[in-house]
Every structure is written in C-alpha cells, then in structure tokens.
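Data first, discussion second: the structure below is written as structure tokens.
Order of writing sets the chain letters: A, B, C and D. Residues in each chain are counted from 1.
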C-alpha cells in the first residue's frame, strides 16, 4: 500500500535529518476510515518497516495488536485526529533546536518563508497545567492527549515544554516538510536573535507564503524518499 | 557541453555543502548569446542532470519548454543578467547562516580573506518595499526581479529579508566559491560577534584580497567537482 | 561473552556519536565478581575489540596485563565501583557540549525528559581542591579517583573541571543512553539559556521521567548496536 | 619514505576533520637537513599525494620545482623554521572556530587539558602592523613570514587576524593533534564564554598537562592515519 510505503519513508527521512531520534513517531489517518489511524509499533524510527505499522481507533486502542508493543504516546495522535478533522498526518519529535523554545518565554516565529506554515503563533503545551508538577512528561493517556490537542487549537505546530513538539498536516509529504522546517526555523531564529532585533514574517506574509509552499512540498519529498528507499 | 556539466556540478556541490536545499538554483549566462541564460527546471538540486537545463531569454521566458516546469523565481536571474552585463553566473540560496543577517540590523561583513569578495557593504532587499506586507516573499515576476537587481547594484551579494540571498560572479567556479564562503563568513561572523567587538576587513584589504582569490578559485572547484561527478 | 560484545559496542557507539573522542573509556563491573571490572586497554575507542578488554580489581591493578597498556585514568572506574555498589557500568568522556558547563558557574540541569536521569543536581569535581593548581588534570591514582567518587556521591553524572565528565549506570545500555543524553542536554541547555529564563524539570518530574525512561533504554541501544556491528 | 606518507596523511586527516579547507597546508622540516622543509604544491589538501610534495630551503625557494606551482604562503613555514630550531612540523589553517578569536579582543585560552599545549597566551598577528591596511592578508614574502614568526615567539599557536592560524610542533602527529584541539578548544571556549565567567587552566596545569599529552599523541594519530589510508 502506497500510504504505508510513504509512512515508512517518513520515519526514515525524519531520522536521517535528525528531526526524530530513537523516540519520535509519525502517523497517518486511514484514507479509508477517518476514525482510524496508523502508526509504527514501539521501535527506533530508522528501522521501521511496513510490518511494524499498527492500526488504532481514535481512542488509541490497537485493532491488530498481534503481540506488538504500542508506543505510549499514541494518544497525541488519536486525540488530535479527533479534534481536528482536517488533519491527516502527524509528527511527534524531540527535534533539538525546537526544544529550547519550549522551555523559554521566547516564542517560535517564522523568520523565513520556508516556515511560514507556522503562522505567527506557535503555542506551548505546559503539561504541569494538566498533570501537575510530578508527571513523567509523557502524553500517556487520552486526557493528556486531549489537553494537548486543545492547546494546538487550529495551528500547525505545538511545542511541549521539557519534551518536544507536534506538527500536523494534510499529507505525509506536507507534515514531513513542516517538521523539517520547524526545526530549521528554530535553529535560524535562535541565531538571528543573538544578532539583535528580528523582523519576522507578518501574518499576511505567512499566509500567502504557506499557500505557495503547499504547492511545492513534493520537490523535497521526492528527493528525500528516493534517498531513504534506494537499494543499498 | 562543458558549461552544462559545470552547471550540473554547481547544483550538486552547493547541495552537498548545505548551501542550497531543495529549493535553491544556479544559472549561467549563455556563452554564445548574452541575451540568454540557462537554469535547471523545477527540481531538487541534488538530482539535476544535463537534460534538466532549460534556456531563457532575459525576460525569463522559456525558449525550449518541452513540458518542463520552470522555477518560479527565475526572474531573479533574468533581471540581474539584464542589469549587470558583467555577471555570467548567479546562485540563489537559502543558505542557513546567511538568513539571520537578512532579518536583523547586523550587516554581513567580511571577517576573513576568504569572503573578501563581499566588500564592505552587503545590501538587504526588503520585498515589503515593493510588494507590500502580504506577499509570499517570492521574486515571482520581472518587477520584483528588477527591484532586487537594483538593490544588488554593483555588489556581489544581496540578502533577501525572510528568504535567502543571491550571489553573482563572472564564472561558475567563482560564484560557487562565493556562495560557499558567504555562508562560511556568516557562520564565523555570528560567532565572532558573540565574543565582542570585531575587526573586519578594510575596503582596501577586501579589494586586494578579492583580486588575489580570483586567481585561486579553481583549487576548491576542481576538488568539489571531482567529488560530485565521480562514479558511484 | 555477551558482556564483552556489549562493551565493545559501547565504545564504538559513543565514538560514532561524538560522545567520546580518542581518549574516552567505558567499563563494566564483572557480572561474576563485583570486586572486578573490565575496561579496554589504552587505545582509540573506535577500534576497540574484545581482545583489548582487560580485567582489574577495584584498586585498578590489572589482572591479565599480557603486555597491554592500561589507561591511566582507570582509577575513575575502580574508585567509583568501590564507593557505589549499585553502579555496574561507567563512561568517562570529553563530550564537547558538557565541557563548558564544567568550567563555568552555570549548572547542568535537565531541560527535557530525555536527560531526567541527571536529577536536579549535577556536581562538578574541581581537581585543584585535591591535587593543587599544578596537576595535569588526570585522575591518575586512587586518591584522586576516590575524591571524584566522593563528589559524584549518589548522583548519575559528575563533571570534571577543565577535563570532561563521568556518567554511571546499572547496565551498558543505560549508561550509554545517559552519556549520550547528557551531551544532548548540554547542547540544548546552552541554546535555551541564550533565549532567556529556562524552565527546568522539577525534582519530581525528573524522578518520574527517569523511571519511565529506564524501561525504554533498549530502543536506541538495539538500533545503535546494530549499526556499529553490521558487517562492512 | 615514511615521513612523506605521514605528511600526506596529515593533509587528509586535517581536511577530513574540517581543520583545513581547500587552502590549508602542512609542512615538515627535513629529517636529513634542518635547512630544508617539505610542503605540498598548490593543491586541495584532500587530494595531496606523495608526488605533490616539494622541497624548499629556508628562504622558501623551491629546490625541485619541475613545473609544480608553489603555495604562496610557504614563507610562513620557511621563516618559522628559521626562527625556531625546535620546530619540526607546521600547520597553517583557516580552521573555522579559531577565526573569530583572531578578530576579537577575546583571547584564545585552554579550557581543558586537551588544549593545554596552547599555554596561557596565544598571540595574534595583525598583518596591518607590517603590511599596512591595504594588503591581501596573505603572508606572501619572507618579510611577512618573519614578522609572523616574531609574534609566534616561543609559543605553539599564533592567530592571524582576518585569516587563520599557525600551529607548530616537534612531529607530524603532535602538530596534527595540536591543530585539531586548537579548533576544538575555540569551539568549546566560545560556548563556555556564553555561559558566564570561565575557569581556564593555570599556567602550571597547562604545562603539566602538555607534558602528559605529548606521550599520548600517537593514540589519535594511529586511528586517524588508518582511516585516511585504508583502501577504498
């Protein structure tokens, strides 16, 4: 199934670019049934294969467990798919340049057109507000997933304090593009801030640019997919 | 044709060194007709081949389209070739260390001899001045290209706020050298600024050094070209 | 012996990830005799093989020298194994992002769940307090090793001013995980500090998260081990 | 000749580690005649081979030119060999993290034992003091080389404002070690400064540590040499 091939490719692409480490994950909503989603079993992203993909309902209950271990934080995915019918693909990562923005008061903002999809407000999910100050920081149940989805609102990215971030999109190529350029933006914004006052994209620029970029997400996708699927 | 081989090599070299990502481009003015230029079709730079090169007039109208998709921002190239008869090769990139200088008041300046070609003034193109504050930031028509060429003036590099930069030169090896060392200078200048007051090259040092370096651009070029064209 | 294979893999994994350079080392307490430990002879980590592993008593006297040269700083290992019966594996590294925290007053603290094992206090060993201000900074005898073990106390990481750090754990996979994420945390914390005030993990969050992560250390370990042991 | 193999390996090792780019060079004093030195012809370091090595007298006059182009800055080497009979090997590089220290008032200082060879004073050569403010910054004649050697004095490293640095030693393995760790120190010191006041090595610590390290330079050298000389 092409969707599964793309999902496997997404895991590998994001691992190769350092967006996800051994603990990130990618999911897609089922193209056949919007009440279902697919995500890999608990496994290092670089080695995910089609047979590692599991199916879940939107309560994040596995439908074809067959002895495979589910990722603990699948509720991130299920609850966002519930709250956001427009979302078809989700990435959860600990992408390194984004982490510092989740623990400081400096907001992540688009400094160039490639990250215009972020708009002018990237919210931060403070798990202490829901789980108190002694949690293990994982979104390990539906209640926490719903709280995260609530902070995400209608945005494309939400940061998770002391943990990572979540990026959503309408397709795998788009969400991979977004996860990659969220990381790039964080790196560049951090450097730019050290140089002095920064001119960010206006809301209108971000909106116009995001629309343009949506038509161009296949260019890196095809390159990236080719690189992770070529015979060794 | 050797010029096409060099153009293809330039795409790959700049991609390999992280100067261009999936969206940058390189062009050459036609050696036979100064009213024509060559640039690759809309494609990820790493996979560009000779058959992807298209010919344009200086209004950026494709002359041999054959169903191939033109890059939207080809007007950067056409308008600079119009305004600058001395320019024979152009690189447009989103090279990461340069981006922060395009969005802050800190000017890019040469901190070492390798980037002396920048001289002591690297201008910044603010697209809002021409396209207003709701553009998608792309140089998508001749009017924006001409405005960019105007800000470039007689310099070698122009930064584009919230977008990237353009480097020009008299040959492919030289413009690739310049695009590479503009990125390096940005990285080193950013670090130097954090250490305190910086001694930059004087205008005279920059001019003398740029002249010297022009005689040395083939040394990295030959190495870089060999690396991207060796059989796999 | 599986323990030896894992120990060899640990050297290579840490070298591949830039946690140890040509001078770091990893040891394990003997699973058969808690009064013994194993560590490689004086050799660059990347090329360590099973035959390079030597056995020591807790006074760091080699038991099977066979002409092989011991690492000078083995006393780090022997003295910590003496002082900390719970410790089964130790990494000593010069991991680059951690070094700056050893020479400044800024304390290393967990900014995300992956480094929760550090707790809220990472002590710094100032060798001048024991060896005076003219030492070569190496922990080259039992007295210095014991002083270092004393500063480590019941923690998981201790920084060494002007030198590096030591990470301890209950297994090789866990100590490799810890050495890797101590380096990552240092890199991210340094970036976060530049963005403004940082929200660190609370002591309770760190404790809860460390417990969770302990159950997940095999996920990166299996991936990492596979990569360094695959046939070339 | 083993010395030539080591010299070729040095070029490749330093290129592989990013210490020299297309323009750096390494030389050795002739083991047979202290009035002679060897350095590669003008060529990218990564591709240097034994047949590219040329012989010079201490006035930097080539003795076996055979149509090969000399590097312009060979006077760095000749004049230092004249002034410093103890020096047997020299590296000139544009190593990136060191450049910022050459253009700011912040002095390069050892923050850890690996860079103790720098001692507590790394001088900076300001070419303007000798060549005026309109030079091309290259050490292109004996007068400039002698001025640089004079600023180096009896030290191991000298920075060159707006250009790069020179590292000297008593053997190829040692000078390669030093050039590598000078770059590492610059990177780490820059990060440490951003964290606040830094505790540097004392002069006595630096001296004791440098003596210890001299006995250990073969450990990385053997690894590095193996990696650049293995059959492809």
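Observations, loosely collected:
FYI, a contact is a pair of C-beta atoms (placed from the backbone, for glycine too) under 8 Å apart; a residue touches a chain by one contact, two chains touch by 3 or more.
Computed from a predicted structure; not experimentally measured.
The chains in contact with subunit B and with subunit D alike: there are none.
The minimum number of touch steps linking subunit A to subunit D comes to 2. The chain with its Cα centroid farthest from the Cα centroid of subunit D is A.
Interface note: subunit A and subunit B, two copies of one sequence, contact each other through mostly non-matching residue numbers (shared numbers fall below half of all numbers used).
Centre-to-centre separation between subunit A and subunit C, using Cα means, comes to 32 Å.
Averaged C-alpha coordinates give centres for subunit B and subunit C that are 45 Å from one another. Counting partners per residue, subunit D has 194 as the residues that reach two or more other chains. The full set of touching chain pairs reads A-B, A-C, B-D, C-D. By the touch criterion given at the top, residues 110-114, 116, 184, 187-188, 191-192, 194-202, 204-205, 207-209, 211-212, 216, 219-220, 222-223, 226 of subunit C touch subunit A in their complex. Those residues of subunit C whose C-beta lies close enough to touch subunit D in the complex are 21-23, 42-44, 46-47, 94, 96-97, 99-106, 133-138, 161-164, 190, 193-194.
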